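Consider the two complexes below, in which chain A is the common component and chain B and chain C are the respective partners.
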Partner chain A sequence: MIWGLDDVRVRRGRNVALAGVTVPVDPSRITVVVGGDGAGKSSCLEVLVGLLEADSGIVHRPAKERIGYVPATAGLYADLTVQENLDFSAAAYRLSGRERSQKADQIVERTGLAGARHRLGGQLSGGMQRKLAVGLALLHSPELLVLDEPTTGVDPVSRADLWRLISATAVDGAAVVVTTTYVNEAARAACVVLLEAGKVLAAGAPEDILHGVPGAIGIAHGADRPTPLSWRRGASWRVWAPAGRLPDGARPVPPDFEDAVIVAALAGEPGR
Partner chain B sequence: MDILAEARGASRRFGPVTVVSAVDLVIRRAEVVGLLGANGAGKTTFIRLLLGLLRPSDGVIKLFGSPPSIATRRRVGYVPQTLGLYAGLTVAENWSFTAAAFRRSAASVPEGISGWQHELVGGLPLGAQRQVAFAVALSHQPELLILDEPTSGVGPLGRARLWEGIRQSASRGAGVLVTTHNMEEAEQCDRLVVMVAGRVVAQGTAAEIIGDRTVAEVRCDEWNRGFALLDANGFPVQLHGKTLRVAGNSAAVAGLLSGAGIDATVEVVPADLEEAFVAMVAKPAAG
Partner chain C sequence: MRAMIVKEFRELRRDRRTMAMMILLPVILLVVFGYAANFKVHDIPTVVVGPGARQAASLLPAPTFRVTEVDPAAGEPAAQARLRDGQAVVAVVTGGGSPLVLLDGTQLFSVQTAESALAKMAPAAGSSAVRTRILYNPALATSWVMVPGLAGLILVFIGTLITSLGVVRERQSGTLEQLAVMPFRAWEVIAGKIAPYLMVAVVDLVLIIVIGMTVFGVPFVGNVAVFALGAAMFLLVTLGMGILVSTVSQNQGQAIQLAFMIVLPQVLLSGLIFPVSAMAAGVQWISYLLPLTYFIEISRGVMLKAMPISALWEPLGLLALLAVVVLGLAIIRFRRDLAPSSRPARARARAQEPAAA
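Then we have the complex of A and B:
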């Protein structure tokens, strides 16, 4: 790995935020960290960009000015216009006048914000705010782009725009790490890290995680939960049999990525 | 009566702006209906019409056969995006307050959330707050359940557990209306309704919504170059690992790539629900 976390541990007060977490992040590739609320996703990124200190482990990161970082809840000034946000960020990154306006124009065009240059950041829709925040983090052409849940609560149309922007950044050579709660976004990555309660449940290429599902997955019907290791999928149930023996009435199916993620979470639950 | 909620030509205007426009929609017993739309499509305003928090400017809204009222509200469970809990009250206090508001004697806090009963809601993690909001909304055994983005920010296993609750309610006969931006979750609904700019533009199962829409799936060794080329030429290209997926004309995609000397296989494959939704909502793409 070029950038990323290597066996990082972080305690916050009495709680363990990260219990030996490894997240590889490489140039021209997208790493996606998947997990729910409280999994430790934000802590990972805060350690990576240097906002949070690791108690142990190794953090590989470029110089601070070569990093672009968008936290989950901010990333722009609500009471500045789009143009003012761009100008302010460009000044903070000490971009020269020509470089500044070229890059800002490019970002405004890429994010579809051309018609909104004079609107206040806080008046933009949620999706547009996230696009602007990512755009601001790209102004100085960072080597490492770090995005905390850029698409949570964002509608699918804006999400598609954001992912096109994120992918284009990786294709351009940057190392990109993105956290998400949407499992289908993990399938876009070169490398996926499944995080739960500060621990890595599984990591690797999406296809390797998919092929690594132990035992068998089946579909069952009925009102009652067929086995303790079952979950709802639409009107039917998915059943996981770790040893491969599905209960009567369950029809085996090849697991998809959502199944793989849930199996990893179930396998990592306390008591198993 | 099979129909729990019904909108006929329902519209809502705010001054000159029409936010909900001539919506026809029915929610029946024991079915889970997914309401999909981009931000600003009118989903939340439509929900407020159903709840009786707003009156339609035109058309008719009926809940259990009559216009929304306090009496119908007692038969509806609602979880707003903001969860609707009192952050400064404990879980148990939220529970008994809701019971009092619905004029029911408070049963004990259910098992799933009783571990937190003495904690302030505001101090709980978001996932736990969602479970509490869901349990509170179900506490009066509503016949109709309305959930506005119930799983936003929730991890995969937490989402599966919430859906178990949703399905359990439906199997007991409740009708459920759920909004979501998560298309995998949308596929779990029995029926989907797609809103664009206040109007219903499609209704049906996920397969019916997708219809015969396709995308071009591109595999090539130089996927980096292929992505950059298609992106620069205005194609709505998406990167999935090392595979490119492009909505639009596959011949144009293949032509552009071969013209640039990129050796690629281009295959026309069925769109997924997310791709179909984006195509339906977004302006016509290049190519």
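Then we have the complex of A and C:
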């Protein structure tokens, strides 16, 4: 692990926000931290960038000037234009005049904001705001790019644009860590960390997590829940049989990543 | 409707700051300002000089006049110096005919009380026995006294309210988190944040003084540099208060509430409207904790009386002390918000930030 968290514990008041969480983040790779609301995703990133203090464990991070961070909130100045936002970020990271204008041009091209340079940040659509926020974090070519739910609430086209931008950043050599609530986005990562209530349920390459699903997964139809370890997928049920014996009427299917995440969550429930 | 009322009470119960403002604040305001709201001045500091000083001092009725100095060897210049330097509001000069009573016109209510007391004394002492002369504000113009004070009040508004709103807006929009991750030092963020407000406040101050001089005819007879020094220190205190307010406010509404609780006492207890000397002793102590009290002393002293810096060392020194304390506290709290990971790590947590990686 070059950057990331190693067995980090964080308490927030009486609650445990992170209970020994390890998140590896390596150059040229995308790490995706997946979890529901309150799982501890944002806490992971806040510890990683230094906004939150860890109670124990080791945090590996580069110096501030080599980190790009987009918080879950907008991450841009609504009262400044796109160009003024770029100017501020460039000045903050002490980019020189020529480098500044070159990078700014690159960013507006890559984010598709070339035509919106003189629009106020607050007047951009949600998707454009997130693209600008990611663009601002990329302006100084960081070694570590940290994005907190960059695609939440964004339309599918903008989500695809954002992922293109994120992937290109990793291809250029940066270490990227992204949090998301969308399970399908995790499949794009080199490394996935599944979080639930501050604990890691599963971690590794998506295919490893997929192959590591214990027991069998089946598909069943009907109005009633076939077993307590079943969940809705569209009009049918998915059934998990930890011991590999599916109930009558359930047809075995190969698990996909969404199944793997749910199984990990069910397996991590108290009493299991 | 019942559901609405219950919902509203539940919300209110959880908003402790608003509850405190609604219940505690009126009680505090009533008690404190009840003791502060007093135009009737007693204990007017008085010096008596000249050959007949002892006899004249014995004739002055207490407790209206509080004789602080009797100096038979001194003359009118010494008496004027005491008034200018704020050591006395009334100076009685004896010798060479009927006594001359000098009054400090910047202390409106004290002068009115003194004139009334002298008028009552006159029949006993012989009506032609006393001559009076009002210095620094001969017409006892209210605007002459108010403009230097209002300048300070406007700076409190800008410094405390506008600054706190500016910082809280950053927190609310989530950009404060981003600033914390950018390669800024905490002092750079604070300085960068308050510098524009400082500049606007300076422009405002100049504007107020110029309008006061041109429209209301308020004189500026003192040293501009001394005034500027006092204003600069006062501004640092108010900007520090603004940052302090922002560090304990999660949103702009809370910041406005807190700033209001800081600004209101300064309006009523700083001597802007009611003379500090007329307030109850306990309330006077609150006045001495307020920066506007000292700025008013400096601005009125310099603008109307040409007080030298040597006579203003006390308010200047106290403003400097307040600036260090308030700004220091503000910076410590703001730093904590900005860079929690820079605090000493607890347990065995550690962050590894290679110099070159």
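Everything that follows uses one rule, which is that the second predicted complex is superposed on the first by the 272 of 272 C-alpha atoms of A that agree within 3 Å, B and C clash if a C-alpha of one lies under 4 Å from a C-alpha of the other, contacts with A are read in each partner's own complex, and residues count from 1 in each chain.
The rule we apply is simple: a residue touches a chain if its C-beta (ideal position, glycine included) is under 8 Å from a C-beta of that chain, and two chains touch if they have at least 3 such contacts.
What you see is a predicted model, and the numbers here were worked out from it, not measured in a lab.
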In the overlaid three-chain picture, which partner chain does A:G75 touch, first (chain B) or second (chain C), both, or neither? second
Touch test for A:V8: chain B only (first), chain C only (second), both, or neither? second
Counting only touches as set out at the top, which of chain B and chain C does A:G97 meet: first, second, both, neither? neither
Does chain A have more residues touched by chain B or by chain C? B
Please indicate which partner A:G57 is in contact with in the superposed arrangement: first for chain B, second for chain C, both, or neither. second
Report for A:P156: first if it touches chain B alone, second if chain C alone, otherwise both or neither. first
According to the stated criteria, A:E258 is in contact with first (chain B), second (chain C), both, or neither; which is it? first
The chain B residues in contact with chain A across the complex are 37-40, 125-127, 149, 152-161, 163-164, 166-168, 171, 181-184, 187-190, 224, 227-228, 231, 236-242, 274, 277-278, 281-282
Partner chain A, residues of chain C touching it in the complex: 173-175, 177-178, 180-184, 339-343, 345-355, 357
In the complex with chain C, residue positions of chain A that touch it: 2, 8-9, 46, 49-67, 69-78, 89, 92-94, 143
Which of the residues in chain A come into contact with chain B in the complex? 28, 30, 34-39, 125-127, 149, 152-160, 163-164, 167-168, 170-172, 181-184, 187-190, 196, 205-207, 223, 225, 231-235, 258, 261-262, 265-266
